[in-house]
């Protein structure tokens, strides 16, 4: 394991170098916020296939990847559209095999989290009491019963899940990938520890001194990071605390339009294949929308003195 | 479990209410910094007996408690004096049963951490690969061999360790015990989650808005906290990032003087029984010393905007 | 005194009444979130709310939120931990009550949000999210459902969130709040506690897909007070979650 | 060219040479800490250091530190994680090399820092700290010891930090640096790599409490360069860790 050569990349290069056909990708780890939608769309544009998606709940991002036919397998606790409910592309893939069949490995948020945490801890499994008595854990490829070696009641063992790559969106990072993030965390840290490669997408690449002014805010150390991408607005329409509001309309619009295959295709054509990159996506949204979505207010964290 | 009635206490009351004879106490959890020495001395003054001490390394604090005869059992990875080496009171207790015999359950930092983490996670144990091939884990009351249910190599299971009380020193907290801490963390968070009761000692009790300005800095939610004590300088001679330098002399002085039973008794008489409380201890140190030890410089964490 | 309210407003009030002061509550979105805020504003000012993304709040968000990850739910939070941390507190038994919904329920309080087979054809639902964890690990759960015969089934097609089962270690469903009434699910029974104002016993029977024992004189769910309604309408001014047809109370 | 240096300064230099560029290093205090700083200042500018309290640094502290918890070791750190987090990275295998010391060592590189029995009487030592973890989980370890016969034993009284043993999953001692020389412990052998300048083979044999194969023409440990010495003396200006009798190189 080593601290690598220069890591700064364009998003297209970061995806090209770090996401291969057949890879297991963890994303959407902070649940509804900080979803790397720019990366999701770039993966679709680059035509990846046979991906495994790993995450807790996955607000619309997984559905978009599934609808585009990039996905062979989903390992997740919830696939849909938080504002709208069902993920129609997910439903079509599971119910009708359209555009292709997918395998679904159901989890709960905690069990998929423990699977990532086990890998993050360098363990083959973690024990838990969650899920006992339900159907998720029955005949599950990654969950087995274990005895408590100290004589207590039996538990379940959740097998470690090691993504090939985790893709996360954070507020700021330095050129080495040391990343500051705040607000929702979800499973972001666990996934970055667990993954073979981590792609950090940030609102701002900042000077090394900014990161080192607050080492407790550095939740992802750079030596776990393979590529750093500065892509402001790269999580839209998801929110980024202190940078971007949630853009509600695209979630509801997508939910409505993706109800049919044709609707999905139209969405894909307009919002993914119709724009070459995130900068073009933001231009397409337009300045008034961006001005409305950008956080202008300031509510700073209380000062913390690190002077020695 | 519930969010309790008013929690603000004097240190003496917090110890009287939360530390009973025979209790298992976790402290010194951030390793060399933030050791709650004021609480350690108060426990000695209140004459507690038959305590179990739980911690990773324990710079001088455990040695002081052992020398005063308050301790029946130590569950730790390292007991001594980081600057000086040996803990002489610990040695006398183990080697000669003076002032009383103690039982020692040896751990490594990781294994005692996993024991607390298991309790923090509500689990009877956590698996690990650490310690295999060494003597710590042989015939250990809290460590057993377990199989990997997924067919990999065997591991060790570290049994959960649930302290009756964790005593931690932090930079700031609100009246409900919601605590901001930064700098060294060690096992502070795990112990606060694991313990039946947590006593938070802070440099400053602050307004609720200060804590809520930076929820990612709140590592201990108040509903885990039984008592909140404002005791500035309560960790001295240990350091508190941004508030107090480490006071080196008392560690070296104690190391020298505690080499003999008489020397220990003299130290105890002067620095514990000779002062009624921490305020008196600070007065005894004197203003010039306090001025030298207090952090005057400012190196603030880079701003983080939480505006919605 | 009469006032107009929707059945969802009544459900919010019923949810709030399930929260006791000083309790640690695993809050969901939608009706339970409003119920948590209402409880805090009335009889449970010291209750603390946990969200599965890691957020802990002791006051409702300052503005309306559509998802628990919305920035107003972070600003002013007590803490933003990780998912594993809040789930660990849940697994420890430190969470008193959690709220759950479902597409299907059976008499043991098992909930299905994974897949159904209306007319024999598979319909894939989103899945558990954190619901299975809350169902497994909270000290008790309160379930909230639309009361329709296709949702109340002798056997659910898939147990996403386990209800009562032999050997359960802790917790299980305590109360079910539906569009028709409030039910006591403690100990694996399925007893009618109250029927909402104006709901006939026959409607309840016809809307429940399994046999239900209903006593002759079931009490009526106390309607929302004006103060309760005022809170709800300030918290959900557009009726995004609570706005269906309003009816006389 | 001659310069005066202490045997501890030579050990620091030898420790630095064990660190390769871009490696992730579990740093100890004292000599390894100086060695890490020296390596970063010379051939390994991109090495990253982890401390068991959770601190990660890519530059040495700006001022002298006595313990890894001292405030200058926090200010300017890359990250302050928890102990479990850095140990998890270690358990994952993400740490290339860790440094260890001990009171006793045996030919397999087992280290004892728990208890000894000189003259048959128990002497209790502080214990493992994080040493047992680094010994178990790092990709390789570098051991640093005072070379005295009572410390080099056929069998140590207690294995605090495991060395080589059958079925070891990963890592184990790679190099031992002592006050007398540098030794190759890879694969469970105990080979002399270099003897420090001026150390006779007989002194080595007499100082080692177990049989040692020494080849006739053991190379000499390359002495510190002036630049290396300059670094060490700026990093440890009082000779707190490196200051014993200085000798001609």
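All chains are identified by letter, namely A, B, C and D, in their written order; residue positions are counted from 1 within each chain.
As a convention for this text, contacts are C-beta pairs under 8 Å (C-beta built on N, C-alpha and C of every residue); 3 or more make two chains touch, one makes a residue touch a chain.
Keep in mind the model is a prediction, meaning the values are calculated, not measured.
Student: Which chains make contact with chain B and with chain D at once?
Tutor: Where chain B and chain D share a partner, that partner set is A.
Student: Hey, which chain ends up farthest from chain C, C-alpha centres compared?
Tutor: Max centre-to-centre separation from chain C belongs to D.
Student: Could you state the distance in Å from the CA-based centre of chain B to that of chain C?
Tutor: Their C-alpha centroids are separated by 41 Å.
Student: Return the distance between the CA-based centres of chain A and chain B, expressed in whole Å.
Tutor: 37
Student: I'd like to verify one number: the distance from the centre of chain C to the centre of chain D, where each centre is the average of its C-alpha atoms, in whole angstrom.
Tutor: 59
Student: Hunt down the residues of chain C that sit against at least two other chains at once, touch-wise.
Tutor: 55, 70-71, 74-75, 80-81, 84, 90-91, 137
Student: For chain B, give me the residues that contact two or more of the other chains.
Tutor: 122-123, 128-129, 182-183, 185, 211, 216, 241-242, 245, 295, 299, 306-308
Student: Tell me the shape of the graph of touching chains, choosing from line, ring, star, complete and other.
Tutor: other
Student: Tell me, which pairs of chains are in touch?
Tutor: A-B, A-C, A-D, B-C, B-D
Student: Which part of chain B faces chain D closely enough to touch in the complex?
Tutor: Answer in residue numbers: 30-33, 56-57, 59, 76-80, 82-83, 85-87, 90-91, 94-95, 104, 106-111, 113-114, 117, 128-136, 153, 182-190, 238-239, 241-242, 245-246, 248, 295, 299.
Student: What part of chain A is in contact with chain B in the complex they form?
Tutor: Of all residues in chain A, those touching chain B are 122-129, 144-146, 148-150, 152, 155, 157, 159, 171, 180, 182-183, 185, 206, 210-211, 213-214, 216-217, 241-243, 245, 295, 297-308.
Student: Note which residues of chain D are touching chain A in the complex, please.
Tutor: Going by the criterion above, the answer is residues 22-24, 46-48, 55-56, 58, 61-63, 70-72, 74-81, 84-85, 88-96, 137, 139.
Student: Which bits of chain B are touching chain C when the two form their complex?
Tutor: Residues 1-4, 119-123, 176, 178, 193, 211-212, 215-216, 218-219, 221-224, 306-308.
Student: Could you please specify the touching residues of chain C with respect to chain A in the complex?
Tutor: Spelled out, the residues of chain C in touch with chain A are 52-55, 66-71, 74-75, 80-84, 87, 90-91, 110, 114, 121-133, 135-137, 158-163, 165, 168-169.
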